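See the structures that follow.
Two complexes are shown next, each including chain A; its partner changes from chain B in the first to chain C in the second.
Let's turn to the complex of A and B:
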């Protein structure tokens, strides 16, 4: 029974090349990839920031004013400017991937990638406009 | 078995969150994170913001943005840690922490947007 250890199928699995923890600094394209993945951290931060706003508004005018003061704090402002950079980076790379991820067919023909991309940007502009209109009204 | 059920759901939440975040966050962040704090635009008064937030459609959209945005983060960030820092050995605890935080944050968001507000 103990003799039946002659497996040859999975030798490849035993070979684990060592990869440096800093592999993503070796090439520009690797770095861009990691920065794109890190944009998700800033998406999460925005959710926290938004929930702080919601909480402040629900607690009354005084708390809302305190939130506005907090958001004008230079550190908070700097963090949000960096967040904006990463979030726009997320939007651009997300839309860029969209035509490859979704194949839209119309009357049996594939809608060209350019059109799919353009529609994403159009939706972005439209929704941003509606957001600003509702909030600043 | 569990993996074949859970994996598509993770990627679905990731995609939905990525799309909502891409469409909505830049505009909201320009307003509340930059333009209003810098005084480029006047801050809307409290009554108006409260009325907008209490609208059922706003509540639902913001809840979706929070929940899906957090699950988007969980999926991307766990891969960034596991692949970026070569931490495959610790993937169980990383998954637990990322999804645990996403679930906790979602509960906070639901409580704030559906109950407190």
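Let's turn to the complex of A and C:
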């Protein structure tokens, strides 16, 4: 055949269903995925809040007291409770995903997914412990 | 167990209607019948106008992918008895244009598949005595990805492919990795140009549904995530190292 046959994206007779705007409500796994993506916004807020705290501490007692008053505001408290939920959700779902993205080999053997997951949680507990020790000491 | 089950099959006959409709077929419910056996019963004894793809009947050819009760499945590997007492909803694969009834247009996938060069590439073909040797460890590197049968269930499950039709998609990337990780292959830099683009691996947001849908346990989501650090390292190397050292 001398003629080059090319793929055509669409013929009028083909039926192409439109994807609903609410596609992410169709399955539980899609909803969990969208919530995981959304959690990044709260993770960003968590970082901003932490930076504001560090700034307040560095500027002396009065600024720090003002920051504490701001944090005690019911709206701020509600926002931070929601943020805590999403940050934990973000961490847990990413830890679950990590063993599938990471292939670690030791002496030619693949480290089992369970161990990779466990090490993530161990690192989390360890870092939380160190932070708590620095702050509370 | 009841002895009959209803299949609610999506019909799309473009010469009759611009939109798909649903048609109910009541068929015998036999313990050893797959969905495909049910469809073949309809085709042979009830309604010869029903169109669908199938070939091997044993989960090898990847032709009979369809949506069963909302889940992408191989019709030959999904059993009617598991859906008793029914009814069972059977629709074409999601995210593909429908040509007729359960037959979808797969040209887009075939183009993307060939774009990632899923074959062994050698810069210089050395004449060898016999075959290129490979250790079991080298085989294990890519074997999982070589199980892909191009059934496209992963494309049907992937919301990113539905929303961004330019996305190369799970199976094509997993198959690119099948060759990238093969010790005999020298073509990974050629595939990098296709894979490390916005429409390649970076479109993937790790929903993970492709891996859940895969009937051959290929884990395309894992393949894509594993390729991301490789792509970053290769891009950095290309940027930092002189040409000869890459």
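In the analysis below, the second predicted complex is superposed on the first by the 120 of 137 C-alpha atoms of A that agree within 3 Å, B and C clash if a C-alpha of one lies under 4 Å from a C-alpha of the other, contacts with A are read in each partner's own complex, and residues count from 1 in each chain.
Note that in this section a residue touches a chain if its C-beta (ideal position, glycine included) is under 8 Å from a C-beta of that chain, and two chains touch if they have at least 3 such contacts.
Keep in mind that this is a model prediction, so the values were computed, not measured.
> According to the stated criteria, A:37 is in contact with first (chain B), second (chain C), both, or neither; which is it?
A:37: touches chain B and chain C.
> Return first, second, both or neither, reflecting whether A:15 touches chain B, chain C, both chains, or no partner chain.
second
> For A:89, decide between first (touching chain B), second (touching chain C), both and neither.
A:89: touches no partner chain.
> Could you tell me if A:103 is touching chain B, chain C, both of them or neither one (first, second, both, neither)?
After superposition on chain A, A:103 lies in contact with chain C alone.
> Have a look at where A:29 lands relative to chain B and chain C in the superposition and call it first, second, both or neither.
Second partner only, chain C.
> Does the superposition put A:134 against chain B (first), chain C (second), both, or neither?
A:134: touches chain B, not chain C.
> Determine, for the superposed model, which of the two partners chain B and chain C contacts more residues of chain A.
B
> Report, in rising order, the residues of chain A that make contact with chain B in one complex and with chain C in the other.
On chain A, the residues that contact chain B in one structure and chain C in the other are 19, 23-24, 37, 101.
> For chain A, which residues count as touching chain B in their complex?
Interface residues on chain A, with respect to chain B: 19-21, 23-24, 34, 37-41, 43-44, 46-51, 53-55, 57-58, 60-61, 64-65, 68, 71-72, 76-77, 80-81, 83-84, 87-88, 90-91, 94-95, 101, 123-124, 127-128, 131-132, 134-137.
> Sort out for me which residues of chain C touch chain A in the complex.
Residues 12, 14, 18-20, 70, 94, 97-99, 105, 107-108, 110-111, 137, 159, 162-163, 205-209, 211-212, 219, 221-222, 225-226, 228 of chain C touch chain A in their complex.
> Given the complex with chain C, which residues does chain A contribute to the contact?
For chain A paired with chain C, touching residues are 7-11, 13-17, 19, 23-24, 26-27, 29-30, 33, 37, 97, 100-103, 108.
> Hey, which residues of chain B end up touching chain A in the complex?
Against chain A, the touching part of chain B is residues 15, 17-19, 21-34, 36-38, 41, 43-44, 46, 48-50, 52-53, 58, 62, 65-66, 69-70, 72-73, 75-77, 79-80, 84-86, 105, 108-109, 112-113, 116-117.
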